[in-house]
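First up is the structure itself, then whatever we jot down about it.
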Amino acid sequence: MTAPEIDPVVESTAADIAEMRIRGAATIADAAAEALATQARRTNVTDPEAFRAELRVAARTLYETRPTAVSLPNALRYVLRGMAGETVSQLQATTIEQAEVFQRDLADAQATLGEVGANRLRDGDVVMTHCHSTDALACIEAALEAGKSLEAIVRETRPRNQGHITASQLREWGVPVTLLVDNAARRYLDQVDHVLVGADSIAADGSVINKIGTSGLAVCARERGVPVMVAAQTIKLHPDTMTGHTVEIEMRAEHEVVGDHERTEIGTEPDDEDLQVENPAFDVTPPRHVDAIVTERGQFPPESIVTLMRDLFGETTGEPWEP
Amino acid sequence: MTAPEIDPVVESTAADIAEMRIRGAATIADAAAEALATQARRTNVTDPEAFRAELRVAARTLYETRPTAVSLPNALRYVLRGMAGETVSQLQATTIEQAEVFQRDLADAQATLGEVGANRLRDGDVVMTHCHSTDALACIEAALEAGKSLEAIVRETRPRNQGHITASQLREWGVPVTLLVDNAARRYLDQVDHVLVGADSIAADGSVINKIGTSGLAVCARERGVPVMVAAQTIKLHPDTMTGHTVEIEMRAEHEVVGDHERTEIGTEPDDEDLQVENPAFDVTPPRHVDAIVTERGQFPPESIVTLMRDLFGETTGEPWEP
Amino acid sequence: MTAPEIDPVVESTAADIAEMRIRGAATIADAAAEALATQARRTNVTDPEAFRAELRVAARTLYETRPTAVSLPNALRYVLRGMAGETVSQLQATTIEQAEVFQRDLADAQATLGEVGANRLRDGDVVMTHCHSTDALACIEAALEAGKSLEAIVRETRPRNQGHITASQLREWGVPVTLLVDNAARRYLDQVDHVLVGADSIAADGSVINKIGTSGLAVCARERGVPVMVAAQTIKLHPDTMTGHTVEIEMRAEHEVVGDHERTEIGTEPDDEDLQVENPAFDVTPPRHVDAIVTERGQFPPESIVTLMRDLFGETTGEPWEP
Amino acid sequence: MTAPEIDPVVESTAADIAEMRIRGAATIADAAAEALATQARRTNVTDPEAFRAELRVAARTLYETRPTAVSLPNALRYVLRGMAGETVSQLQATTIEQAEVFQRDLADAQATLGEVGANRLRDGDVVMTHCHSTDALACIEAALEAGKSLEAIVRETRPRNQGHITASQLREWGVPVTLLVDNAARRYLDQVDHVLVGADSIAADGSVINKIGTSGLAVCARERGVPVMVAAQTIKLHPDTMTGHTVEIEMRAEHEVVGDHERTEIGTEPDDEDLQVENPAFDVTPPRHVDAIVTERGQFPPESIVTLMRDLFGETTGEPWEP
Amino acid sequence: MTAPEIDPVVESTAADIAEMRIRGAATIADAAAEALATQARRTNVTDPEAFRAELRVAARTLYETRPTAVSLPNALRYVLRGMAGETVSQLQATTIEQAEVFQRDLADAQATLGEVGANRLRDGDVVMTHCHSTDALACIEAALEAGKSLEAIVRETRPRNQGHITASQLREWGVPVTLLVDNAARRYLDQVDHVLVGADSIAADGSVINKIGTSGLAVCARERGVPVMVAAQTIKLHPDTMTGHTVEIEMRAEHEVVGDHERTEIGTEPDDEDLQVENPAFDVTPPRHVDAIVTERGQFPPESIVTLMRDLFGETTGEPWEP
Amino acid sequence: MTAPEIDPVVESTAADIAEMRIRGAATIADAAAEALATQARRTNVTDPEAFRAELRVAARTLYETRPTAVSLPNALRYVLRGMAGETVSQLQATTIEQAEVFQRDLADAQATLGEVGANRLRDGDVVMTHCHSTDALACIEAALEAGKSLEAIVRETRPRNQGHITASQLREWGVPVTLLVDNAARRYLDQVDHVLVGADSIAADGSVINKIGTSGLAVCARERGVPVMVAAQTIKLHPDTMTGHTVEIEMRAEHEVVGDHERTEIGTEPDDEDLQVENPAFDVTPPRHVDAIVTERGQFPPESIVTLMRDLFGETTGEPWEP
């Protein structure tokens, strides 16, 4: 059997995910499903086993681009689970259809989640956001569509200032926005009715892994008596954590924090080794600082999310591309 | 009596304070005392009452540049309280001498405070800093001089990144530095032995007014079991707060947070009024989140600082430039 | 098809619920089931579709009397779910039987719940109650029947003083009672082994909606180290909250708080609009202040009740009277 | 020496205090000082020692009417401390003058305290009150006079509904009032900027003894992130507590809680001994739930009030009427 | 029917459990299953009903030795549930096989649980232990096998010093150990990454019943920001607690705490009745002080464990030996 | 000048303190004062300067035996401060008299402190103790003498079991005692009205340094709503801590924790270096977990003790034996 041939679309998708041209959990999941469907559609193999091997290699190729983006393996698992049949054409058809189902459900998921989250918001509420999350924004959008009037206090979210994207979207929807540096959040919490954030992934112990700065915000919100709501599609539930795995936190490039010139000014020599810059992309918020996780399957206290995780993904933890 | 004549040095000092070319509480206090001494030295008046009026106007000129910089009125009060005598030359001499005493004590204050703070640090400790405070750094410097080895985790302190100044100073002293965005602080708190910050001012109810972001850091430190130490010379004790006055928080320019171009990208129109940028310079940390305030008079629980305040400044609250 | 004809019993039951002559969650649920059974029994229609329409209108009539009384829709859902068959007489029989099953289970539910709750109480315990809840009292009754000796501290529960009903029932059972104004509760918490309350409804995020004053009591109980136990049949689990809906809090009449004479004395004019009286019937206790929810299906931490809710009611949230 | 002769004014004042016709700490203190002055003015004795004995008996007579009203012994101590001289007429003069000073200072105290407290309130703030305290109201009055606009949420304060008096006063001043049953407080705390209460007395360990229900409110306010401010003149600082004495809590009549008819309905027999009604007048709020104590000497964290207490009253704890 | 004949192995196993020669939950469960298998293997009866009766009596004999050791009834339930068939030889075969399955699964359970727990531990972590738990040690062992380097701080665990066993096992594995008296734990918590304990049993309300001292350690760990991990096979989930039963805490012999000589020295007379020694074997840690429960079925927040309990054991609570 | 000659009594006292034959803060202070008086009484020198040198060397000899026993330097400071005069006989007289005053005050101090502490205890209270403190016991003794009936729950206080001494003393006074291992404390806290402990020393930041295990008990007491009372004479206030010095914690011998035999059994080899035993004598309880510090000068919140410290000892921190 010759080596599996990977379609250029899979490779370009993998590259786009790796370099964050494709980003956001749902976008990644959608792209990954689409890539697998393309691989299935364009295959040249004639042997069913070779087809399966090709799809597995494609899945692994995609998977390895960003292991902390939990929606990616979930998408791959879902599509590969649907790959069934005895001939190549059957395998093609089932894989493609499964990918389509996944993509359709994925779009509905955010809309449904938005409805659920919107139900928690009342007319006149002030919402504080962190980073940019389309799941969180879907809750606001659904509330606006239901005729509720909202205001937003938006943290800029250093180092990449994704709060600017959130602010821009909210302004397009006509939501009055107050933009803050992250440091100013606690000072404004007494004007806030909800802290609303998304999630990079959610662990079986109820922890929420989200953009760096979320956990400090949640701790302050608890101290100020403000409820914290996490909006996250079920593609964010991290199946590996059921078996105790911790979510590896991506460490990002130093230059997001300081440019070369600033670094040189700060250090005692051009390449000062005792001046470290740590730039973790995410942090971990324990469940006791979160009031509700809003998914397209309804809302849950974070301590109960493990039950939903087990219902959806079972207890198996092997990789789907292992034969 | 003609209008009092203000010396150009007073005016340039006032301008430098207003525009933050002179900054840091001790530096401001020192410059203010120096400016008053200069005013006294260069006066052209021959009438004692005119001298007093001139000094009062000079003091008020300096005072009005930055009312939240509490060291400024303290310096002015201190110098004017020493203005005594019946002739202009007596008034000159006493005022100049009082300013000199104040300036000398001021320099000693930071060194003494540093010794006190250093005593709380043990060899091998890791210290997390916020913003740039020479009082806080004095504690680290004294500890280093006592032969203790320290490491520092430095928050960059948006929006003005004064953490870079702190980091640079620490590197000069050979302290290994890890630089973080402010959002990353909670993630690193379990490696930290002390949170060490300065103070812009300290209120009679034990609250610490300091650079925006301090209160959120203190809340997280308490949650993580890390003690919080505030280094502040007694010039930071805000006498107005004894009578319940709250410290007015300076709101700084929007462009420290977003530039014109970013603002335009975020808003829905060039001058989008529903896009507000709030940029408070300071926030308020309640005493229950602070473990000790370190001053040149020793260390105090924040709930006891009012006693020191009353010992030093009495209960009077009138302005010193009022006749 | 002519307009459905509603039986007078349905209408009188609806009126009794609306005007609180029928009150208490189980009593309402029982009456609603009985009313539907009567509607089914006395129908004049001969067409199966007309029968179904009639029952749906009857259910909606009952439902609209008190939307916050969660047991009402649960009862209606349960009975209508059992309406099956192809002829009117089959539909009659199944609906009537389903209502009987519901009513029988309902009676057992409280007894079973009482056994479960009683198991948490030890001989000699002191229980603090709020408002009047037959579910909570069932726990005490079962404990007494098991030979345990208990004492009770009873809050009067302004504005309607339902604590008096609780106290009276406990005295009938021979339980020594100490009656307190609501304000005195914290002072006596150090003598208390359990805070025991019922629930108006329970939300999917683990919140307990119960008589106004419950949440303040729960916060104080946590601060004093006293466990809080909520006794609630599963008819109190609010299915709408699974999709994020918040429970609308009934605002009750001002004259429960102040009479006309008092109002006039307080206000500056007979109809002083700047003197508002707010009289919410219920408040919301977050799950972190509750130790256990006791149901006829066993006890649960509040954070897990969503799982029971999903087991019992599934994920569907449409109204049962919609065709 | 014949038995001291007590003036009828002393006796009627004592009776008025005992039966709460004179109430409120400042009013009691003022009346007690006035009574001592009257005793001194109208004395018939000619022997200095007899004068002193008479005043001491008068003081003790007044003192024993209401030992928990801490302002009473403070007033008596203050006046008797001023009784000096070698002749009866000197003793008369000094005692009367000391009483006048005390009374004058007392009136100023509330006004000064009001200024201090008002400084903590900002324009637009919402204040929640408990019971009726003229010290607390003085803070609001001073804020209104300073041009600040305030709103109030007023707890009715069972069992005696003194909140109605507060509400009525606030309405006279034009403050919009929302009146609540005590149970509803926590539900409205997220709209509140300050909890503002008075104090019956304040203990050396920083505890605040105030109207029953205060401590539960303070616990909930801390949980919701709302600061708690206690307004109390220094006549409320309980000197006995410096030596560890706890403040005895007055237990008031049952019929404030339930009338005869209600009691009979609740109990199992007319004089049901196992139905107790406990009606404590006050409770104890620990210092960690209070943010500031506002006095006419300035504001203090509750943990520092002992220092003020020692400054004002010294360390002596003997009764002033002991020779 | 003659009285059932109990095999000597059952009786010696019962005695060994009672006298703690057999101890540790898994060891007890294994021995109990083995004893039932032996009973089945060696039976002399020929009547199926007599066989069943014999097995039930054997189970009850074993059960009554230590009712708080929850693994015992779980093992008995499991084996008896498998006893099926119509002839004695069928009953023998099924019972023996079920016991074997149980024993095999039991061994795997600890290994699987160890893998799950190990995934929570990172290379270089410091773990604090309490008492001796093979489940907790399995997590450490699996982490070591995965190449992680760990250190341990071991509490001696008065009164029986089982911490010495833990320390000895850890030293065998080459883990550096710091041994402490129990009192010293809080002082060392800032060096600790995980508190890791086993469980005697786990209740449906999420409480963890474990060796006396666990709950105080968990409270301190929460205060210091250290996560608490409980390692417990599912045989520790206490099915009785689903119906509200509390776990009876075994009170152990006084001489574990003080010997006869010490007691005599302390008391005022040889048999001083007012000198009590209380020696509870276990205490109860509420779920809010525990971060994760690690089982062979994965990890769970303590508030969700009731769901697993219901999945595994259903809602039935009758004793398995009841016909 | 010849080397100062140290009296054998000073040397034997120093030895007794070092080897803990003399222990307890007051006993140490008394012995130290007595030793200095003896040195003064028996001196052979004839030169005043030699006398002073001799006393200083004696003080330093005593001081160096146990630097963490704060009463020791306080006693030495107090006595040496009184050493005044121009001749040896004057110096002798003043030193001896000052020592006598100190010793007399010291005895009164405990009795006075006992009265203060007793005032916090009510008839019928249950007190939990840790270690053995005569200051704490003085509070109980005074309460008993005032006719109050008390019960005690006594922690044994590993590793040295000083709780046995406490229990024995309480039994002599007729107080019913329940003795517990330290691990069992939290389980019994809901029966406790006061945690009552002594202090080894008290720091300027309000921290209480006391027998290892105190801080964990205080944390649990706060969590259970039980007030914590520290009984400590002012000789325990550690003057060095005013300048930020931390109190060095004495590390005691390993064999208090494990004997040679046990150590060998635990370790992997006779002298296993990776088996460390840490045996700190004391730990540090932060002020937020302590409700009151009871001294012979009255009671104080721990956050205010610095004020008392400054009143008694001023701000000077030089050693008294420095010329």
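A, B, C, D, E and F are the chain letters, set down in written order, and residue numbers restart from 1 in every chain.
The rule is short, and it goes like this: contacts are C-beta pairs under 8 Å (C-beta built on N, C-alpha and C of every residue); 3 or more make two chains touch, one makes a residue touch a chain.
Not measured: the values here are computed from a predicted model.
Participant: Which chains make contact with subunit A and with subunit C at once?
Facilitator: The common neighbours are D, E.
Participant: Starting at subunit A, how many touching-chain steps does it take at least to reach subunit F?
Facilitator: 2
Participant: Could you work out which pair in A-E, A-B or B-E copies the interface of A-C, where over half of the contact pairs coincide by residue number?
Facilitator: Repeat of the A-C interface: A-E.
Participant: Can you check how far apart subunit C and subunit F are, centre to centre, with Cα atoms defining each centre and the answer in Å?
Facilitator: Each chain's C-alpha centroid was found; their separation is 58 Å.
Participant: Give, as an integer number of Å, the spacing between the C-alpha centres of subunit D and subunit C.
Facilitator: Their C-alpha centroids are separated by 42 Å.
Participant: Need the CA-centroid distance for the pair subunit D / subunit E, whole Å please.
Facilitator: Centre separation, subunit D to subunit E: 57 Å.
Participant: Among the residues of subunit B, which ones contact at least 2 other chains?
Facilitator: 223, 288, 301-304, 307
Participant: Mind listing each pair of touching chains for me?
Facilitator: Pairs satisfying the touch definition: A-B, A-C, A-D, A-E, B-D, B-E, B-F, C-D, C-E, C-F, D-F, E-F.
Participant: Which part of subunit C faces subunit F closely enough to touch in the complex?
Facilitator: Residues 189-190, 193, 223-226 of subunit C touch subunit F in their complex.
Participant: Looking at the complex, which residues from subunit E come into contact with subunit A?
Facilitator: These residues of subunit E touch subunit A: 115-120, 122, 227, 288, 291-292, 294, 297-304, 307.
Participant: Quick one: in the complex, what on subunit F touches subunit B?
Facilitator: The contact residues of subunit F facing subunit B are 204-206, 241-246, 286-288, 301-304, 306-307, 310, 315.
Participant: Under the stated contact criterion, what part of subunit C meets subunit D in this complex?
Facilitator: Per the stated touch rule, the residues are 156-159, 164, 167-168, 171-172, 174-188, 211-213, 215-217, 219-220, 223, 249, 257-258, 262, 265-268, 272, 274-280, 283-284.
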